[in-house]
Each structure stands twice: as C-alpha cells, then as structure tokens.
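Consider the two complexes below, in which chain A is the common component and chain B and chain C are the respective partners.
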Partner chain A sequence: MTRGPLFHEQTARQRIAALVDPGSFDELLPPPDRITSPYLGQLGIPVSFDDGVVIGRAKIGGKKIYLAAQVGQFVGGAVGEIHGAKLTGLFKAAARDRLPCVVVIESGGVRLHEGSAGEIAIAETMRAIFECRARKVPTIAVIGTDIGAYGGMGILSTCCDFRVMSEHGRLGISGPIVIEKWMGKKAYDSSNRALVWKTSGGKTKYLLGDADALVHDTADAVRDAIAKLLGKSSAVTLKSVKTRQKELARRLKRFGETADPDAVWKGMGVRDIARASLASGPEFAAIARRGK
Partner chain B sequence: MEKFAKAFPSSPLQAKTAKPWALAGVVGSGNLEVLLEVGGRPSDRMECHVETSIPGYKASWLAALADFAHNYPAGGTKVTINDQGAPPVLVNLRLRQAYDHLIKSNK
Partner chain C sequence: MKKPSARTLFARLFGTSARGISVEKSVLTGYAAADGTKVCVIGTCNGTYIDNAAALRLAAHVIDCIEHHPKTPIVMLVDSAGQEPNRVAEMLGLASYFGHLLSCLELARRKGHKLITVATGQAVGGAFICYGMFGDRIYALDSASVGLMPVEAMSAVTKIPVPVLRKLSKTMPSLEFGARPFALLGGVEEVWSAKEDLQKRLAKAIKVATTEDNRAELGKKRGGRKLALDIRKKVLAAASR
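Now for the complex of A and B:
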C-alpha cells in the first residue's frame, strides 16, 4: 500500500525536503546563525542550533508558502523562548506577505525549563495566527507523528484554519500520562495504546471534525492534502465561534458520559469498528462517510 | 556539561561546495548534531568545537575527531557539535553524513 519512508519516522528536515518543491526551501535563521536557547545550558541540557524548529520559505506545487517543522527528538519538540519566537515571526511574516503558513507539529507543548517564556511565546503565536485568519491567509497544521500535538501546541493547532492528520497523529491538551496521574489508572490507562489512539488519534479526531483531512503516513499524501487547502481560508466570526460552541456542547452531551471510545465511533456513524480499525487514511474516511 | 575545542591536521577540502554548511543528526537522547561549515582557517586544519552533556570523555572525543580529520580531506572546515550522549561510532557516522551532505549539497 505505502512504500518509501513513513512520514512519522522522518526527521523535521527530511519532512520539509519531502514536502516542498525540490530546492525551493529557503531556511530562515539556519543552524550557522546559532540562535539557541539561553536557558538550557544553565540547566546542563545541550542546546540545538535551530532550537527544535526549522522555519523558512518554500513552494508547494509552485505556490509560495511559509513553513515550519518541529523537531520532536529535541526535548520532545517543546516550545521554548527562541522556538516560540521563530513560530510567532513566521506567522507574522505570513500575515504581512499574505502567504499561506503551514506548521508541521510534533510537540508536547511548552518547554517546562523555560516555563513563562514558552507560555508567552505560544500565546503570541496564536495571536499571529489570528492575524493571518483576519486577513484570510490560510493557516494549516499538520499532525502526523506519535508525539502529536499536546498542551499549548494542541490548542495552537486548533487556532489554524485546517488540520491535516494521519492515524499516527494525536491531538489533545493534557497528555495521556497527565490524565492518568490526575484521574487514576482506572479512569484512563495511558499504557493502553488502543485506548489512547481511539480517544486522541487522527481517526477519532477526523470523525469528530477536529481534523479536516485524514491522510496516509507519507509525505506525498501530506503534501497533496496541504496543496488542496492552500487556497482556502475560513473566517473567524462571532457566528462561526457560536456555531462551533454549539457543536462542542452537543458533543459533550452525547459522549461526555461514555467510557467506551467505540461508542463514539458508532455514534459518529462507523458501523464496522473492526474494519475501520484496520483501514488507513482515505480508506477510513470512506468507511466513515458510508456509515453516515 | 563539558565544552572544548581543538584543531586537527587534515588535508584541504577538495571539492567546491554549493552550500556553505551542512547539518547531520538531532540533539536527542544518545544522539548528537554535527554542523559542518566551510571557510575555516587555516586550510590544513579541521577546527572542532564540542559541547556535550556527558563530561569525562574528552580523550574519546579527541580520538574520534582526529581519526575523521585524518581519513577525510576536511581542511578549512569548522565542526560544531551539540551532543546528548552519543556513542563514538555514532559520532563518526554523523561526521560522515554531514561531510557527505556538504560535498553533494543535495540536502
């Protein structure tokens, strides 16, 4: 079915090279600039030349975009002061130049070693995303790795116009281990991978409408999904926010009490749970659609 | 954390590179990143800067770097390393990958 490297196994730089038109990536603040974290060294943790995020200009299908990819292996892709400032600047540049902005997310949220600076950086990036949306500049989040998008980055991804996910991707606010610590292992067993992916994984997020595209685990599939969304944007209006609020209230009423993720799948129209569990990307989307 | 720098004798870089730098690896547990840049001086030395989270292995580092400088024409380059506990064999692999990217300049 799929050949070549899997998207979730690639590094941030490999993902960028595989997503954009060959040779079109122009990195901003590249490694030789050595813009690194001012905090990690003091704590005895090695720094990285790009502070865990690669940003720049690129083209997809000939269209100019701004693009960022987080490096999950470096402190869990967590957002520190420099990392966050790079994201903020990128979305601001996108708003200024009216070019779509794509962020490939692989992050647990704020870097705890740089607490307040990281929190503020994420808030500033969200503001920059809303600047883009006010100017009808498309913003797209790609979530296609096991690290997923959690904490501040989970919230940030939902501020974007669209989310492209693969079944490997996970989206949430508190991570599974955090939920288990607070609610107890009986309420949520974070070592139960099936449970974790059925509550926060790409397939479930697609069913619930939190993800706009569910794709195969390859850069080609991700690129095709991005290319389809580049010309679109959705405005943030009082009406759209209220509609969304109603949807969420309905979802809470429907599924708020259930402890069985399969009930959510069934409720969202999946008839054959076993078949849907094995289906991937577009095939899953097709099964889900037929169920409705 | 331990930090040190040293230049090693190495024959001058032969090929002309399209890009002035190359990066290999990421800073993660048991891994490291190697930044290789051209334009270092003098042209018969490979200049190395290492920052590692695991102190006490300077002798191994110097041996691994000297070995690479001896085996590859890397004179006139500057190597900067951020390390999070990579084993020597991985250090050698990343150096070779960075060198490969620099020479081929396709990544």
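Now for the complex of A and C:
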C-alpha cells in the first residue's frame, strides 16, 4: 500500500495531480481566467476563481482523458450555473473528441444560493453524459470523499457508465441529517457513523452492484481502477435496461421491508459482518465475491 | 391560480383517450392520444413522492413502450414532491433507481421516441430531475410549482433572509419560484395556461420537438441564465486548442 495522503483527505487539485501522469494535466478555464459566480457575489458570499470545480485534459497511463474534480471546501462542492456549465462543457468535449471523461465527485448537489440555475445545469450535464454513452465514450464517476455524491450529483453519478468508490465514499440523494429531521432520530441517527456508512457507503453500494469497483482510499488505487475502465463502455440497450429492471425489482423485493443494513449484507452473501466491517475496500470486495 | 384535479387535467390534455391512463398510488402509466397523435404517458399526480417502486413502475412502462410501441411519443406529466427522505430507500440505492429510469428514457430517445414533459403540479428539485427535466422539450402549466425550492425554504437552509432573496430574485429569476421564472432560465420551453386548448398545444409540442438540448440557448436569449451557454462554449473552444 502507498504511504501518503489518503484520497479523501486531499484537495481537488492534489487529487488530480496524484491521479494523472506527471505533468499531463492542462486545466481549462483555470483560476487566472477569473470566472466567478455573480450570484454569490451579490449575496455577499465569497466567490472562488474556479467556482468549485477543476476541469481539464490529462493522461492516465498514457491515455488521453478529460477530467473534473469538485472542490468540497467551496460551498460543499455544490453545483451553480458556472460550475455546472463547466461540467456540461467537459462532457460535451469528451463526446465530441471521443475521449473518456472522469468526474471526481465531492458535492451535496445543487447550490441552493443559485436556485434553479444549478438544477438545470445538472440536468444538462446528464444529457451530455448520455451523449458520451451513445458514442461509446466511457464516463466514470469517482466517489471517495468526505462529502460524497448527494442530491442531483448522486443521481448524476448513476448516469455514468461506471462508479469507482472507496469505502469512505457515499452515494445517495438525501443525506443523513435531512433524513433524521424528516423521520426522527429513532429511525435514523445521523451521528451513528457506522449506520450512515452502511446506508450510503462504498461497501454497501459495491455489494448491491451500484459501485463497479471498491478501492483503497488512495489516489494510486483510484487511478488503477480508472485505468482498467478507460477502454470499456456500458451501452444502454434494450437488453441492458431489461436486465437492470429485473435486478432492481429483485433488490426491492428482497430488502424493501428491512431496516437493517446487516440483513442486506447477509443477503448479499457476507457471512461475518464484524470482519467485513473492518476489512479494507479490496478485502471486502474479495469477501463479497467469495461469500464469507 | 386554481389547481385542476388530476383527472380533469388528463381530460384537458388527452380528451376521452385519457381513460387509457391508469393511476396507482398517484403514479401514472398508460397510452392515450393528444389531438389524434398516439402517445405513451408516464408521470405522477397529487404531489406524490417518488420512491424506488414508483421509479421502477415508470421505467417498466417506458420499456413496454420501446418494445411494443416503437417511436410512440412519450408524454411525462410531473406533479411530485420528489423523493421522501428515507433511510431504507437510500440504503437500497434510490439514486440508482432514478438513474435506471433516466437510462430507459435515454434509450427511448435514441430509438426515436419523442419525450415531452408537462409540469402539471409540483415539479420541485429531485422530482423534476429524475425524469421530467430529461424531456426533449419541457412545458409547464402556469399553475405548476416549478423550481428548486420556494424562497422561504431556500432562506431556511442558506440562512439568507427572505427579503434579501426576494429583492435579488427581481434581477435573478433563478432565485424565484414558479413556471415563468423557470422559463426565463430556459428550463421550460413555454408556459401554458389551463384555459388554452391543451390537446392542440401538446400535439404541436410533439410535432416540433427535436432531441437537441436547447435550454442554455433559451436561458441566454431570455436573459434568465446568461452565463451557462458562453461558459460551455469556452470549455469546448479551450478543449480544442
């Protein structure tokens, strides 16, 4: 294992530097261009020169890709008009140039301060992602940060061909605090980290098949997983959607009545819950495969 | 504006053919006709929540349409409060259920089905993103509640006082809630009044729809979302240098 900073502890630009071939990153619309949100400015909220997302061209293992990384430290990585337009443009460029597009997600979803503009931007980016997929251009979402992929960005990640997650990453729509407020602390205690991660964390998502890879919390591991997926794409066909329909129906039938995440783990073949809880991502993936 | 009941509204949109729409737990599926044009209908009514099961039922109907009714336009009616915050739904991957519904709609689009959305009631946040905003062309009734969230809710989360948000919304329609401001952003092609001949409107909407996403162009033209198109173009230009 690499000794170095953990992926979830890194900033967006550190993640990019650690993921791509040395010196290969070329940022598009970089901070010196000074493209900032007029909404935040008028609300008296500090702006950021990249509007919370770093986009550009790079290489991984010599292969050209487009790459975006959201900046969680800035308004929770939330998507505003500019942020969203940068993402839409990047996926459109990927479709046009037939180059894979990777998005490192760290976002709670739409930036509320910009109202509906961010919401439309996410919908437009989804359309651009499917443009890529129609051209068999691989689209990969990386989910391995503290904030995770929530709200519209959670849904957007499920539109990509593949999702690479670490145990640390979380994928969902409503976050634990919102659910606790809605259902009460008895139903969901948002301070119960084990429960939160078993609800939305990488391990559960991998078990259910919503994450395609479960990797160590390091940039090296994330890069290796991305590299393996760069040559692949998952076409949307009648056969693929019918298969998925059956899978999701079966999942709902089996687990729709249970509130206990351990029941889901057991149902998906994990026998030793305590051991699996402590296992690293790749160990867990192996346990899940062997059904232990 | 008075909100018409679900069945009244179906009759306005599809005439007597609205009988072909079945409603189960406020989730709509069926086949009908708009001014003589056969259509597949999916959607929600009564401001219901969309959960995993609802997403699956909508997806199943889209698949049925692709398989058995090639190229039949799909009309998506939206009146939903979105996803109910629920831990089990999250645990089972609600986002993936929505992603699946979107994939089915995308497949339909690629196979030549036109996708027309009509926001009839609530079209708020996640409810709109999980299918309605994926239409080729999106329309809204003037009585519909369209947008991310009302300013009161925005204020509660962002801690920005309501009067400040209201004042800013005069110059920034994206902060305002409703079908018309949403149209200024390009998110809605056209706002329809319930007084109009909705069957004719819908039939025409189907006829003129193209698959190109025109929302950023509209947003710029109408002045409600001035930056999105130019930023996107800048990215595309910079990427080809």
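Note that in this section the second predicted complex is superposed on the first by the 289 of 292 C-alpha atoms of A that agree within 3 Å, B and C clash if a C-alpha of one lies under 4 Å from a C-alpha of the other, contacts with A are read in each partner's own complex, and residues count from 1 in each chain.
The working rule: contacts are C-beta pairs under 8 Å (C-beta built on N, C-alpha and C of every residue); 3 or more make two chains touch, one makes a residue touch a chain.
Keep in mind that what you see is a predicted model, and the values were worked out from it rather than measured.
K.L.:
When the two structures are laid over each other on chain A, do chain B and chain C clash or fit?
P.N.:
Chain B/chain C on chain A - fit side by side.
K.L.:
Go through the superposed model and pick first if A:W182 touches only chain B, second if only chain C, both, or neither.
P.N.:
Touch status of A:W182: second partner only.
K.L.:
For A:G41, using the defined touch cut-off, is the partner it touches chain B, chain C, both, or neither? Pick first, second, both or neither.
P.N.:
It touches chain B, and chain C stays clear.
K.L.:
Determine, for the superposed model, which of the two partners chain B and chain C contacts more residues of chain A.
P.N.:
C
K.L.:
After superposition on the shared chain, which partner residues are touched by A:T145: those of chain B (first), chain C (second), both, or neither?
P.N.:
Touch status of A:T145: no partner.
K.L.:
Pick one for A:Q10: touches chain B only (first), chain C only (second), both, or neither.
P.N.:
A:Q10: touches no partner chain.
K.L.:
Should A:Q73 be classified as contacting the first partner (chain B), the second (chain C), both, or neither?
P.N.:
After superposition on chain A, A:Q73 lies in contact with chain B alone.
K.L.:
Based on the superposed arrangement, let me know which partner A:S166 touches: chain B (first), chain C (second), both, or neither?
P.N.:
A:S166 sits against neither chain B nor chain C.
K.L.:
If you've got the overlay open, could you tell me the nearest Cα approach between chain B and chain C in whole angstrom?
P.N.:
Least C-alpha distance: 14 Å.
K.L.:
So in the complex, which bits of chain C are touching chain A?
P.N.:
52-53, 56, 59-60, 63, 66-67, 83-88, 90-100, 102-104, 106-107, 110, 125-126, 128-130, 133-134, 146-149, 154, 157-158, 160, 164, 168-169, 172, 174-177, 181-182, 185-187, 213, 215-216, 219, 225, 227-229, 231-236, 238-240
K.L.:
Can you name the residues of chain A that touch chain C in the complex?
P.N.:
For this pair, the touching residues of chain A are 28-29, 35, 38-39, 42-43, 55, 57, 66, 81-82, 84-86, 88-90, 92-93, 96-97, 110, 112-124, 126-128, 130, 133-134, 149, 151-152, 154-155, 157-159, 171-174, 176, 178-179, 181-183, 187-188, 198-200, 204-205, 208, 210, 236-238, 240-242, 244-245, 248-249, 251-252, 255-256, 258-259, 261, 264.
K.L.:
Provide the residue numbers of chain B that touch chain A in the complex, in ascending order.
P.N.:
By the definition above, chain B touches chain A via 1, 20-21, 23, 26-28, 31, 33, 35, 37, 51-53, 80, 82-84, 107.
K.L.:
Can you name the residues of chain A that touch chain B in the complex?
P.N.:
11-13, 17, 30-32, 34, 41, 44-49, 71, 73-74
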